[in-house]
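Labels A, B and C are assigned to the chains in the order they are written; within every chain, residues are numbered from 1.
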Amino acid sequence: MFKIITAVIGRDLKLAMRRQADIVSALFFFVIVVSLFPLGVGPEPDLLRKLAPGVLWVAALLATMLSLPRLFADDYRDGTLEQLALAPHPLGLVVTGKVIAHWLVSGLPLALIAPVLGIQFDLSADALIVLTIAILIGTPALSGIGAIGAALTLGLRGGGVLLSLLVLPLYIPVLIFGAGAVDATVTGLGGEGHLSLLAALTFAALGFAPWASAAALKIALE
Amino acid sequence: MIHWNSFSDFLAMGGYGFYVWGSFGVTALIMTIEPIMVSRNRKTTIARLKRQLRAESRAENRNTAE
Amino acid sequence: MKDRFNLYRFASPATFYPLAGAMIPYFAAVSVVFGLAGLYLGMLVAPTDFQQGEGYRIIFIHVPASWMSMFIYLVMAFWAAIGLAFNTRLSGMMAQALAPTGALMAFLSLWTGALWGKPMWGTWWVWDARLTSELILLFLYIGYMALTAAIDDARRADKAGGLLLLVGVVNIPIIYFSVKWWNTLHQGSSVNLTKSSMAETMLWGMLLMAMCFWMYSIAVAFMRVRTIMLERERNTDWVKTLLAGDKI
């Protein structure tokens, strides 16, 4: 079972490395969106500190969503997806591999850059640490849930916007607990509760989402 | 049995009139407009399908006549 | 062939179409009766609330709308599951027919909730668990309608929409239990299966209005599904016969 997942991860990572521009532009999008907020709301440190968790998380959501169509679209276009669906191993495992690979090139870099951006917002060291951990824990859930949306909207016109419409409501719990963890750290209450719930969400998402996505892919491939 | 002393009391709703009637008003609006829109959609769909049916049968007649 | 009454006959659009058509006037009439009774009890008879004054009367819309918004989603998810499991056509049509009504109920719940909240809590909106999850429910309805509208092939639309519904159905228990799990602004439940903390007339007014909304939703959904059936099954004999004749 793990061989299939690692094989898919290896393949997707190799393909992603050939298109590094895609990954880097999603990261730049994250940086730009986050930097727009101080320009928009003014440089007052108190306000920025309060806004920071929400802003960083929303920007992370949007940046993840930008890269979601790529999850299946390329393989769909050249027929690889059909072959993967017809292959004897469970499509759910293939999707699990793709989701992990997606996280490695989108969620993980976001988690690494976020603390740097957090400094712009004058967040304390505690908050930055919790922010990084939260984004690290939460982004796999985003990739997983996003895979369901990407599979449902495969090949449809207006795909990107429709994908956002479907996936953002499902992202809201991740946003609430992710930003909440940082908020709780800032106010001194401690973010452990939020982080635990976030971890629970990620486990649940990684457990169920690949199978829902596989079902959606089969519907799209009919 | 009736709780209100006068019709104006009823309308005023103890000062909450705006909120209460704002709620009931929008509800009444929605529950009238929705069935009307569904009914209109039905009529347009039927008209369109009838037109298509006629166009198809005319095309068929032309084909069989040749 | 044994001549037994088989309920599964009505899984065929051709059989369900006339049945639904015959039932619509009855559901509509029952809805009106329940509505008049509920409004009479709720608006004319029920006493003033001790804490909230007359503003509490919004409850006679707010609670039925909220219940219906959740219930309709569950029914849609049920039909989605049936459709995915048994590959039936009518279940997908029914889910699509219910969606707009469910979305309107969710909107109404949020709208009346805001109008209730402003005088009571001093704010039109607050990000507490129940309000947020009801808002998510509205987004889920809209997402479902957008997805099914974007897919041209009706069968694929049904199945994709169905899957989306099943993924989102986890939101319903969250809405329902949110007042128990999180101690934030929205008040706890006052109606249980065994007891309630409301005055009799208030309770009955609310229940009657809930029945009114339920019968209304069924009537409208049946109206909508009939149009969907005509559209989808337009190449079948039964539809062609109906269209050619006068009695549709």
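What we mean here is this: a residue touches a chain if its C-beta (ideal position, glycine included) is under 8 Å from a C-beta of that chain, and two chains touch if they have at least 3 such contacts.
Worth saying up front: this structure is predicted, and the values here are computed from it rather than measured.
Visitor: What are the two chains with the top count of C-beta contact pairs?
Guide: B-C
Visitor: Can you tell me which chain is nearest the middle of the complex, judged by mean CA position?
Guide: Of the chains present, the most centrally placed is C.
Visitor: Roughly how far is subunit A from subunit C, going centre to centre by Cα mean, in whole Å?
Guide: Distance between chain centres: 33 Å.
Visitor: What's the distance between the Cα centroids of subunit B and subunit C, rounded to whole Å?
Guide: Here subunit B and subunit C have centroids separated by 16 Å.
Visitor: When the C-alpha atoms of subunit A and subunit B are each averaged to a single point, how far apart are the two points in Å?
Guide: 42
Visitor: Which residues of subunit B touch subunit C in their complex?
Guide: So the residues of subunit B in touch with subunit C come to 1-4, 10, 13-16, 19-20, 22-24, 26-27, 30-31, 34-35, 38-39, 41-42, 45-46, 49-50, 52-53.
Visitor: With touch defined as at the start, can you tell me which subunit C residues reach subunit A in the complex?
Guide: For this pair, the touching residues of subunit C are 84, 132, 136, 139-140, 142-143, 146-147, 150-151, 156, 159-160, 163-164, 166-168.
Visitor: Can you check the complex and tell me which residues of subunit C touch subunit B?
Guide: Touching subunit B from subunit C are residues 43-48, 53-55, 57-58, 61-62, 65, 100-101, 104, 107-108, 111-112, 115-116, 118-119, 216, 219-220, 223-224, 226-227, 230-231, 234, 239-240, 243-244, 248.
Visitor: Taking the touch rule as given, give the residues of subunit A at its contact with subunit C in the complex, in rising order.
Guide: Interface residues on subunit A, with respect to subunit C: 148, 152-153, 156-158, 162, 165-166, 168-170, 172, 176, 212, 215-216, 219-220, 222.
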